[in-house]
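Shared between the two complexes below is chain A, which has chain B as its partner in the first and chain C in the second.
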Partner chain A sequence: MKIAICIKHVPVSEDVEIDPVTHSVRRIDATCDMNPCDLNAMEMAAQLKKATDSSIDVYTMGPDGAAASLKKCLALGADEAYLLSDRSFAGRDTLGTARVLADFVKRKSYDIVFTGAESSDGATGQVGAMLAELLGMPDVADAVSVEPDGDGALLIGKKVQQGTLKIKARGPVLLAVPFGCNEPKLPTLRAQMKANHKEIHVLTGKDCDPSVLENLEVKSVVTDVYPAPEANKQAKEITGTPKEIAIKIQKLLEGSEQDV
Partner chain B sequence: MAKKKICIIGGGISGTALGYNLSLYDDAEVTLYEKGRIGAGTTSKSAGTVCLFDDSLNNRYWDVRLYGFETYCKMEKEKRGSAGFDKTGTLVCALDEKDEKRIKTGIALAKSAGYTGEYITDKDRIKKILPMIDPDSIIGAGYTADDGYFDGTMISNNFASKMEANGATVIIGVGVTDIKVEGGAAVGITTSEGKQEAYDVIVDCTGPWSRFTGKMVDLEVPIWHTKAEAFFMAPSEKLDYVFPILKFPAFYALRAGNNIFICKSHLSMDLDNPMHAGQWDPDKLPERGGTDDYFIEFLFEQMEKNVPGLVDAGLSSSWLSYRAEPRDFLPIIGDTPVKNYLLATGYGGNGVIEAPAVSRDLAKYIMRGESTLLLEEWAFSRLLKK
Partner chain C sequence: MSEIVVYAQITKNGLNPETAELVTAAQEVAKVSGETITVLAADDQAPLYEDALKLDGVSDVILLHTIGIGEMQTDVLSEVMADVITSRDVSTILAPSEHQARALLSRIAVKLDAGMTAACKELKPEAVDGKVVVHQIKSSFGSQGLVTCDITTKPAIITLIPGSYEAAPQTGTPKIQVIEKENLTSALEVLDFEESQSAGNLLGARRVVCVGKGAIEGENFSLAKSYAQKINAAFAGSRPMADQHWIDFEAQIGESGTVIRPEACLICGVSGAIQFTEGIKGDPLVIAINKDPKAPIFGFADYKVVADMKDILPELLAAADQK
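Now for the complex of A and B:
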């Protein structure tokens, strides 16, 4: 089985700067790491690889620094890593990102493509579904598990309000994996050391289909950003003897007293 | 009685320990300015190991180490947990006879002060203390169960509270933006709030920021930034024994919850290697990450050879900090060519160990003009070109 995973290198610091003109995050100056739910997707891909005779290719679109997240994926079980990096790719909207990813991913006839359900910076949750459409694959949003089900079929768990829906599918299929659906393993020192020595394949605009490059016009524009309202939470010190403190906590928990 | 007005710049372990010691003199009027939060700069990234014998500080200054250790133990006695003491003990490994001699001297000094310590060559015994280690990579190890690591941030806050209780002033969230010099002497400061204050003595306790602070009085503070790259590693299984502070000449490790914290030792840094040292801006340090790939190589090489039990541990998180390091890896304490502008900086990651003894002596010098052998050896003048 041939598996692809598309990930994003995102700012992780709370102290990020927003470009006043484009209203986008200044990624160059920010501390970045792998998008949290992409780690869940990578864990799911690695488990599937273990259960089947599979290989995993990982893709990301971003600046040179995004290679750090690719190396993490290599340490977690990916076999080959592709960095899609070009000035013409920069500042694209979700559709532009999906078009570039699709152009490279479609060349290898993958059976299954993983993405995270959404990024922790943009949080649109659109790229996975757009990518599936462009690849001509069905997609399963909120895919929380996947296992081989014999004869090349896959049994996919999809999170629904009442529980988990089991879907039997055959590849090719795209799975968008939500945050927290599994416990991602940590890369070991040995695996990370090996991964750091592995080549990252860099693909630029020159490697891209010219018709894709002509079609990267930004169609969605961020017109403004504003800080979330500050939470009006306050901490209070509860004092007294252990018994008095226990009584005060009990009253707070019961809601019989607002202020202790 | 006219009081001596003293300004301390920086609220890390250096500034707060000095502030506390100065506040013990009734003729001192002390004000400490901290632009961020107390103990939240480079102090917060200190491992806080205060071991009775290791190579972090030459045995020549062993009393400095003991004074720091006992200061924090007394703090813990006053209020349990106030210095964040985790009594894990320490295993100090010897790779050659020179290491062995140093460790054995440290053990003798520790015993002289009433603590336990032993030099172990029995490989099974070493493995029993730390099952992850490869005892064949070392010729022996010094071990004591009496010491451990402390929390620099908690200690700094404790010192700050104590100095306030003694009548000193601690101003948080206000930086010093300018220092007024008249006739070759520092006479006052301007704060980030635009307030001007006159002082008799100004002490720079800003550690890795000292290069920038010194520029306010046109003083070139001869410190380099060395990279303290730290990793938190998650062993594949929960430890069922107490992981002691582990000291090798090139690195040290200690437990941090269920993880193991590992950092390159400051004495293994090469000030002429741009991967190790340079002049950077500590304000631009990322909150986490920022480590170099070369550190993974270093870590792998060291773990594979010495602590194979950690080679397949998970890399949980990492961070980068800057140590302030003079050429000879010893701090710069006391007078500078600018009159009334003093330094208590350049601890090179040893601030938690050294600040109590240094601050005790420096406070006496500021208030009474009496120097000590320690202040003479760690004076700025030693670094001036002869």
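Now for the complex of A and C:
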């Protein structure tokens, strides 16, 4: 099988300072790494590769620094890595991002495309399904497992609120993998050092279909950023000895006391 | 006159209760724009929800009866819904931000070449030069910031987080239209469903005891679990607890886990980032125990106990025994 995975290189911390007057945003720590649930997706892809004799291509769109996350994937079992990097790709919204990714991913006929369920920074969770639509594939949101059924189809486990749904996909499919559904391995030092020497294929606007480049206008525009108001709920404090506190909590939980 | 479309998501458990909240959000926009509100559902069971969708302020209900096709089959649902939307004059589409609805609307955004903003908490419609712009307010950078977004396309697709608006009452008298959709084929086949024990308990639970990283120390975890059992409450945890395998993936409360609607909730040793509190809906009674007096969870709780849970939990077990 031919597997693709699309990942995002994100800031590790969401800690920011937002100036209440100018509304400018300053990141306190600019360190970036692979998006957490993309590691879960990579783990699922690597397991599938092991079980089925498949190949894995990894894609990301971002600045040069994003190559670090691609190298992590190479160390975890990906075979080829593609960095989609161009000034014209920068600052795009989810639809623009999906269009650029789709333009490159569609050139190879993948049987399965993995993404993380959402990024830890933008957290829109939209790019995966948009990419699936552009690739003409169905998508499974919150896919927690995948295995071949032996008959050319894939059996997919999908997390829903009350449990797991089993879904069968007869053709190519995109799976959006949620955080925490498996235990991602970390690359060994040896694998990482080897991966660091592998070539990263850099694709730019020149490699992109011109009609895609013409249609990258941002359609959901951020017009302002400001600090969130402090939570204004005032919790009443329960005080006393641990025993007194426990009795009050117990009564509140039983609903036998409305106030303390 | 253009219209606002509210997507009524039908899941295995029935109609997403957020639908009525979305209708209220649509009414807020309609007050400024003067538009009408149409509710659109697409599901194998759609005709069953005619009465539930007679919501205040709704002019039209369109039920796409997609025979044999349910919410998981977004490849088909996106197509039939996009057909309806393009045949009408739609300015704005409102939908729940829940993952399945979000995926469906993302596909529709591609088909309609429409801008889409995720997980908004408030809409601010404004009349500008004879046109109505619906500004979208959403959280960003964890809980530290709010951003305002504008969508430049028509239609604009906006998903809203649950609890953003009050639910509209079922007092509307809309025109109901059922459209039969037969012979639809999806590339996905839904086989069977495996219920998860912990998630099942958690969802229906009236009372929930929830632990965070603070419970990893000493006997705290087992004491909290015993207390939950004793008072017949469901037991759950925050994301770090699931990451470190103290609880099942399904027993994790939060934006990326299970969303609960209990009547009362005891939260021990959880700092209370928005990613966690987004998992507790329906405004239950919340009691939080944390030794950090500045823990953000105290801004979410009704009652706070500034203490080490190791001092309180044994006494709670004793108090439960005395019943």
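Here is the rule we go by: the second predicted complex is superposed on the first by the 209 of 260 C-alpha atoms of A that agree within 3 Å, B and C clash if a C-alpha of one lies under 4 Å from a C-alpha of the other, contacts with A are read in each partner's own complex, and residues count from 1 in each chain.
Here is the rule we go by: a residue touches a chain if its C-beta (ideal position, glycine included) is under 8 Å from a C-beta of that chain, and two chains touch if they have at least 3 such contacts.
Note that the coordinates shown come from a computational prediction; the quantities given were computed from them, not determined experimentally.
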Touching partner for A:233 - first (chain B), second (chain C), both, neither: second
First, second, both or neither for A:93, with chain B first and chain C second: second
First, second, both or neither for A:106, with chain B first and chain C second: neither
Contacts of A:33 with chain B and chain C, given as first, second, both or neither: first
Contacts of A:8 with chain B and chain C, given as first, second, both or neither: neither
Winner by number of chain A residues touched, once chain B and chain C are compared: C
Touched partner set for A:185, first chain B, second chain C, both or neither: first
Contacts of A:193 with chain B and chain C, given as first, second, both or neither: first
Chain B/chain C common contact set on chain A: 15
Touch list for chain C against partner chain A, complex: 11-13, 72-75, 78, 99-100, 102-104, 106-107, 109-111, 113-119, 135, 139-153, 186-196, 199-200, 203, 207, 231, 233, 239, 242-243, 249-250, 252, 256-259, 263-264, 266, 285, 287-288, 296, 298-307, 311-312, 314-316, 318-320, 323
Interface residues, chain A side, partner chain C - complex: 14-16, 18, 25, 37, 93-95, 98, 117-118, 123-130, 132-134, 137-142, 144, 155, 158-171, 173, 176, 178-181, 215, 217-228, 230-233, 235-238, 242-243, 245-247, 249-250, 252-255, 260
Sites on chain B touched by chain A in the complex: 233-234, 286-290, 293, 296-297, 299-300, 303, 310-316
Residues of chain A defined as touching chain B within the complex: 12-13, 15, 31-33, 185-190, 192-193, 196
